[in-house]
Every structure is written in structure tokens, then in C-alpha cells.
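Here chain A shows up in two complexes: once beside chain B, once beside chain C.
Presenting the complex of A and B:
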């Protein structure tokens, strides 16, 4: 479980991609996301995924992105089956399934290379309410903590004779109760304690608190952002005029 | 009873948590595992219950390799009270919490009721029998987790940092419980930083550092190994520190440090 979750959790890295302005990383993620949405054929989705994998390799996060793909495989298969049952169209069902993988992987690329602090600053730049930004970033920051909690709770319950993999699907669902209740209770208690700790450190005392880091885009950030936009426009143009006939 | 043979464990993250641990724990022994944070203490005891399987080496419980059996089967023999009680409490009432494992093991209804009452009385929790375990204080939750473990009468009891959040009286009671368990032939393994709690129990002490065992022996001997304890960042008991200091004074009641050591190991009074 922790292995799979690694596909969405930031770990420090020092590649050129990691050092990019977080706004540029977000732009690349949004553009690949959008490219996956406008793609009309499987080979186009394949090109998008290949592009993400090349960027991931350059950012030295290829393994992490592979984990994300492994994590999405089950959901992707589910999307394929449901679509196929209703449409009986193999091509469109495959397209939806692969599109889902491309969308998730493009999002994952941003999250695995961007620190929660960078994420917070990016959200603030979009003038989102401070409390909303804080709640979102804290939720992201606590994902690995919750995962660790879940593993420790599972260990504790397995040591009391609980067999999570035993029985039919209903029994297995019931077996999750001793895991979920402590997990939720811990999360609620932790959020209360965090709120108290934040308030005791003057959270909310000022409407415009000072920021530790002010982002200024460097030349490399501007060049990469421009290149990303150009690649997106080229991809969009190709998908709708040049490459499309190949599929016919 | 529990045999670790050249056990190494590498976390999925690549961290080497255990590095060639060879250790035998015999039935009826009281063993304290000490060492700095991240030394591999909890990782080691998780191997005994099969929660973790060694990357290399073997762990056997009563001759059975933990790779060949389930945690559920091992937990019938080995009860572990983990460090954070909030990681296991979930039932509607305190008595249901204690009964959870007993039901998992398929105990009869009468036996479950009897064991639940015994466990709650032992740890002074009978008055909370019908209360939610979530409303208990930190110390009470800790005692409840101990009651949950002892209720099914495992042959080995592993306590991971049992004194955290306990006041002096509860620590004393816990010490008495450990002595009681030892006297009834149980194997007790205590993972703790609380040297002052461990010292009166006079257990066999295993000192760990960076995934290795750096000292192993009776408490009176191991606690005199200043260098080994320092390197593993384990504080020696105040009594040992006191006698070291006294032995160095010109008006020392001891002839020298050797006599101080003999006093600590033998229990003879200074002249």
C-alpha cells in the first residue's frame, strides 16, 4: 500500500525539473492533462503518456510515476469493463481507460515533484482563500502520515488475531472496521490538536501574513513554460489535423 | 522459544533496519530491548509476530519459521501491546475491546466473559466496563491495551514502550504485573527507553544500535558497560551513576570502582 501511495507523495529530489518554478510545473501538468482530454485516439494518448514518462525520467521520478500507473491499473480496468458493457465498443472503452491513466499520471507528475510548501504558495498566487489553501495543503501533507497510521493500525489488529484477507467480500469489508475506526478517530483528534497548535502560534492573527519565499520566475522557467505551451499547441494541432487521418 | 538467526531487514524505502541480528529468547525469560530511536527495536519484535518477514536470515517461534505461518497463528502465542494505544482501540465499549481478540481466537462465551473481567480488574478498568474506550485517558488506554493482550493468555508478552504516559503509581503496578507474569513462567519482552523502570526488574538487557545487538546480558552487567551504553545513547540507571561518582571521591566508601561494580552486581553493602 505504501509502495503504491508513493506515486502521489512528494519526496525530495534535486533534478532540474524539481528546481523549476512550481507554477511552471503546474502549467506542464495542466497542459498534459488537457492534451489527454482532447486526444481522440489511443495512439494519441500513448504519445501523451510517452511524453510524461520522458519528463518523469528527466526528473528522476520514473519509478514513482510507474507506481502511479500500477495504482491506476485497477480503476482503469474498471472503466474499461463498464464502458464496454454499455457501449460494446472496444476502441472507445480502451480510449477512456487509457485516458484515465494519462490524466492521473499527469497530475502525479506535479505532486511527486512539488513540495507541500510550493503547492501552498502556488494556490495563494491564485488568490484562493487562505483557510481553503491551508486545509488543502495540510490534507496533502498528512497523506503519508495517514498511510503510516493505517499500517500501524493493521499491525496492531493483526496481532490480535484479525485476519484481513479471510472470508467473503462482506466479511472482508467488516474486517476493515477495526482499521477504519481508529484511523478516522486519530485523524479527527489530530486535526483538533493541530488547530489548537496553529491558533496558539497566532494562526489567523494577521489577514496578510508575511511569506518566507517570494517566487520570481527565472529565465529557464520562462523558456520551459513557453516550450510547454508550444508543445501543447503543436499536439492539439496535430491531433486534429495531421495525425488524425492515420487512424482512419 | 524465539530465535533470530542473522536477521536482516531492509525497508521498502531502502533503509536497513536490522543488520545481522542473532538472538535467542528462552521461555520464561524477561528481556528488555533498549537503544536509541531508530535502533531497530520495534522492527525486531515485529519479526517475532510475523508482521515483518526478514529480508535475510530466519526467525523461528517454537521451531516454526515465521515465513511459514500467519500472524494470526503466531499471535495466539505472542501478544504485543504496541506503543500507541490509539492505533488499536475501536470497539463500542471497553469490555468489547478486550473481548475482540478472544472472539477472533474462537474462545467460548463463558471463557470470554471470565477473561474480560479478569483483565479489567487486573488493570483497574472494571468501572469503565461499559464506557467507550475512546473517552479513556492516555494512561487508561495504555492499560486497556495491556488488558487486551493478557486476556488471551499468550505464552510471550511483548510490551512496546509500556511506560509512556503512565504516572509513578501505574508504572509501579506495571512492574508488579511484569514480575507476576515472569513468576507464572511467561516470557516477557519489554521494549523501552525507561531505564529506571527496567532496572528494578533486573531483566536480561539487549542493547541495540543501528540494527545490531551491541550488548546482551544480565542488567547488572550490561548497565555497567558505560561505553556500549553511551554509543547506543542509553542512559545508565541513576544508581549506577551514583556509585560511579562515589567510587571516584577521595572519601569513597569503596576502595575503587571495582568494589562499586561488585556492590551493584552482588548487592553487598559498602563498608
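Presenting the complex of A and C:
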């Protein structure tokens, strides 16, 4: 799970790519994702990955994306092995494995360059219910808080003699219980306090809540979005697979 | 009177005894009232009955009346109450919801559907009052405890409440930050004319600014008076109120007729009396 959190959690950055409208970033992500899906040859996937890496370099998140890629490799190797065992087809198995990398990395590109704030905005644009959006916001907002909580609990339990990294996997998993229970209890208490604070600040008071910040797409956003679509269409055309059923 | 409590009783479901017992209190506008008492004496319950969490969020046996600004808390909606009573909870972490300070300060106003321009004005005003302009774009996890406290208070102030409740506001702050916070409260009272009801154990910090002290025990109001009346009297000790060391010394000096009890002396004054005596 650690590789997931590394490649999907936003850390502040201020490149041109970061400053794009989140909708445009999402569009780019979806389009590269789609391109990876319709690609029929490994070199095509290679092109997609290369494209993502170039964008990542421009967005100054190359190292993080590269790390995500490296970490995805294990899973991707697994996909390769399973596929190969069943299909005995070297080409299709490696295509699946590479495609998986491309898909993960294209999604990761969106998440590492998009602030939780922007994510919230995107969710609102998709007209998700306010409660759902707020639940998401709270979950992300409290990730660092809960991580600190967990560290403190670990220290406390270690100081009482809990040996976290001893024994086989089963044993280690069992060792986590004394960490998890206080963590969950803390979270429940915290959620009660959050509920009180929300009530006290009129959460849900208005049918139509307003927003402090206004979001408007700038010209550069429109240009980049258009360019992304054009590139996608060109890629799709050159893979001449838009209308043909997806191979493999 | 901004706050009128008449014979309030509240018992949580299945609790053996009342958390608040025949409690009455009248608070005039822009007074700073300190509410003290041992843990579990009903302070938190009382605060929640003032801002409407009781009875709107927590059910229980409720009788008596609480009025804020003349209207009954029980009959008002949480929407109205959120604008009338501001509540700064003990842990600021759990009342900051958004990813940037500025947006969090706007949280309540967004919920109320306040138009953007008006919201912008009020957010900027709250930021100005608390001097946190440099934090406006920060994320909550980038803030120190003292900063979180200010941000949470800014979110409360943006709603422009007439009555502001602070629940142990300095419990997570270091002494210097705590002292700054108390000064801030005193300034806010001057600037916005709000009334403050503060639950606090560290009375030494607050005696300077408090107009009045109320002591609770087992859900009842047991003492109510100026800080000097409460702290110089003989009863406060028995109710689990921590009397500041300076006031203890002043009380001892008063026994020997060396100090008055009509107002609270600070450390310098007490020291001056001691010196005079030595000579």
C-alpha cells in the first residue's frame, strides 16, 4: 500500500502544469489512460509512457513519477507472469504488463499535481452530493493527522514492550492490532468533535452553499485542453484502432 | 443581556444525575466571563447548551431556558445559532476542515450561502483581526498549534457572532503563546465588542482580562463574582479551582493586613509589599 500513497498524494509544487485548471489535468490523465488502453503494440505503450515522463519532467515531478513506475514494476511483473502462464503468449503478456504501468502512471500524474482543494472542485463539478465531497475532503485532510496519531501510538506501544518487527508475517500482522485499535478509537472520538464543529459552523444550513474562491478556466487551459484532444486523436488515428475492437 | 440562562437542567440519556442542575446566569454585552470548575462539573455541557448543540444535536432531559440575544436557543435553528454564538473547541485541529486557511475561515459562510463578495470581505476582516495574513494560503498541517488556534478563531469571527465561547483555549499552547492568546482576546473584545465566555483552568493567565468569574460544581453554579471576589474568598479552593500563586500570596498578606482583597495584585505589587515589610 505504501507505493500507492507515495504516487498518489499531492505535494505542493508550482510548475506551469500544476497551475493548469484541474479539469484540464484530469482530461490529460484520462486521455493518456485511454491511449494506453487502445495501444496495440509495446512501442505504442512506450510512446505513452514517454509522453507522461516528458509532462512529468515539465511539471517537476519526474522523480516521484519514476518512483511510482519502479514500484508498479513488481505488480506489473506479477501480471506478466500470470498472463504468460495462461496464454503462453510472450507479446500479449508483456503488453498487459506495460499497459498496467502506463495506466498507473497516467493516473498518478493527475494526483501528484492536483491539490486536494482542486480535487474537491472537480468533484463538485461532477455534481457529486455535498456530503460525499465533504467526506472525501475530510478523509484527505486528516491523512497527515492520523499518520502522526499512528506514529505516537506506535511509540507508546513500543515503550510498553510491543515488538513491531519481530516474527513472521502473521505474527507481525497480529502485532499491528494494538496500534490499530487505539487509532480507530481516536478517529471515532475525533469524528464526534468534527461533527460538533461542523454543526457549530452551520454545515448543511443552506441548500445552496457558496464558495469563497471562483474558478474559471484561463485561455492557456483551453489551449492545452484542445492540444491534448488533438494529440489524442492523432495518436488514436496512428494506432488506427479507434474503430477496430481493442486488440488482445 | 446577551446571554440569559434561567434554571437550566440537563440530563444525558441514561445518566444517573443531571449534568447541569438549576443553572442561572445573566451576562451583559461585551463582558469577559471565565467559567471554572473541576473536570466533569458540567462546564462542557453548559457550553453546548448555549450554542445549541444541546438540545439540537444531543437529546436528553432538558428544562429551563437559554436565550442568546433575546431569542431562545431551543426555538432557534442551528443556522441562526451558528451566526449568534461562536464556539472555539478545545482542539483546533478538529475544527479546521479545508486545505487552505483562507477557505477554512470561509467554511461557515459558505455553508450559510453568503455571497462571494461579502464573504471575501468578512474573511479578510477576520484575517486582519487575528494578524494571520501570512498564513492565508497555508495548509492546516503546515501550522503550529498556536496558529491553528488563531485560524480556528478566525473561522468563528468571520460569522460575526455576538457571543464567543472558548473551551480551554490555552490547554494546547505553550505559556508564551497562551499569554499572547489572552491578549488577543482582550483586544478582540475592544475591536468587535463581542462577549466572551471562557472555560479555562489556567486562571493566572486570565485574571488580567476577566470581568467576572463563575465557578461550577456538580452541574450547579456555586460562585459568581468579580475575579477578586472569587479568588480572595475562601470557597474557591474547595471547588477544584486553581488559585494563581500570586493571589494565594496576596491572600496570606491580606490576613496580616498587608494587602487589600478588593482587587487582584500582580506579582510586582506583591513583591513590593514584601520588600517594604522587610525594611
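Details
Here, the second predicted complex is superposed on the first by the 172 of 248 C-alpha atoms of A that agree within 3 Å, B and C clash if a C-alpha of one lies under 4 Å from a C-alpha of the other, contacts with A are read in each partner's own complex, and residues count from 1 in each chain.
Rule of thumb we're sticking to: a contact is a pair of C-beta atoms (placed from the backbone, for glycine too) under 8 Å apart; a residue touches a chain by one contact, two chains touch by 3 or more.
Quick caveat: nothing in here was measured; it's all calculated off a predicted structure.
By the document's definition of touching, neither partner reaches A:15: not chain B, not chain C.
Contacts of A:60 after superposition: neither chain B nor chain C is touched.
Residue contacts after overlaying the shared chain place A:205 against chain C, while chain B stays out of touching range.
Look at A:177: by the touch rule set out above, it reaches chain B but stays clear of chain C.
One of chain B and chain C touches more residues of chain A, and that partner is C. Of the two partner chains placed by superposition, only chain B is touched by A:185; chain C is not. By the touch criterion defined above, A:107 lies against neither chain B nor chain C after alignment on the C-alpha atoms of chain A. Contacts of A:94 after superposition on the shared chain: neither chain B nor chain C is touched.
Taken together, the two structures place no residue of chain A in contact with chain B in one case and with chain C in the other. If you check the complex, the residues on chain A that touch chain B are 2-3, 149, 152-153, 155-163, 177-178, 181-182, 185-186, 189. Note for the complex: chain C touches chain A at residues 48, 51-53, 56-57, 77-79, 82-83, 85-87, 89, 91, 93-100, 102-103, 106-116, 119-120, 123, 139-141, 155-156, 159.
Those residues of chain A that touch chain C in the shared complex are 12, 115-117, 120, 134, 137-138, 140-141, 144-145, 190, 193-214. Within the complex formed with chain A, the chain B residues making contact are 12, 46, 49, 51, 70-72, 75-76, 78-80, 82, 84, 86-90, 100-101, 104-105, 134, 148-149, 152.
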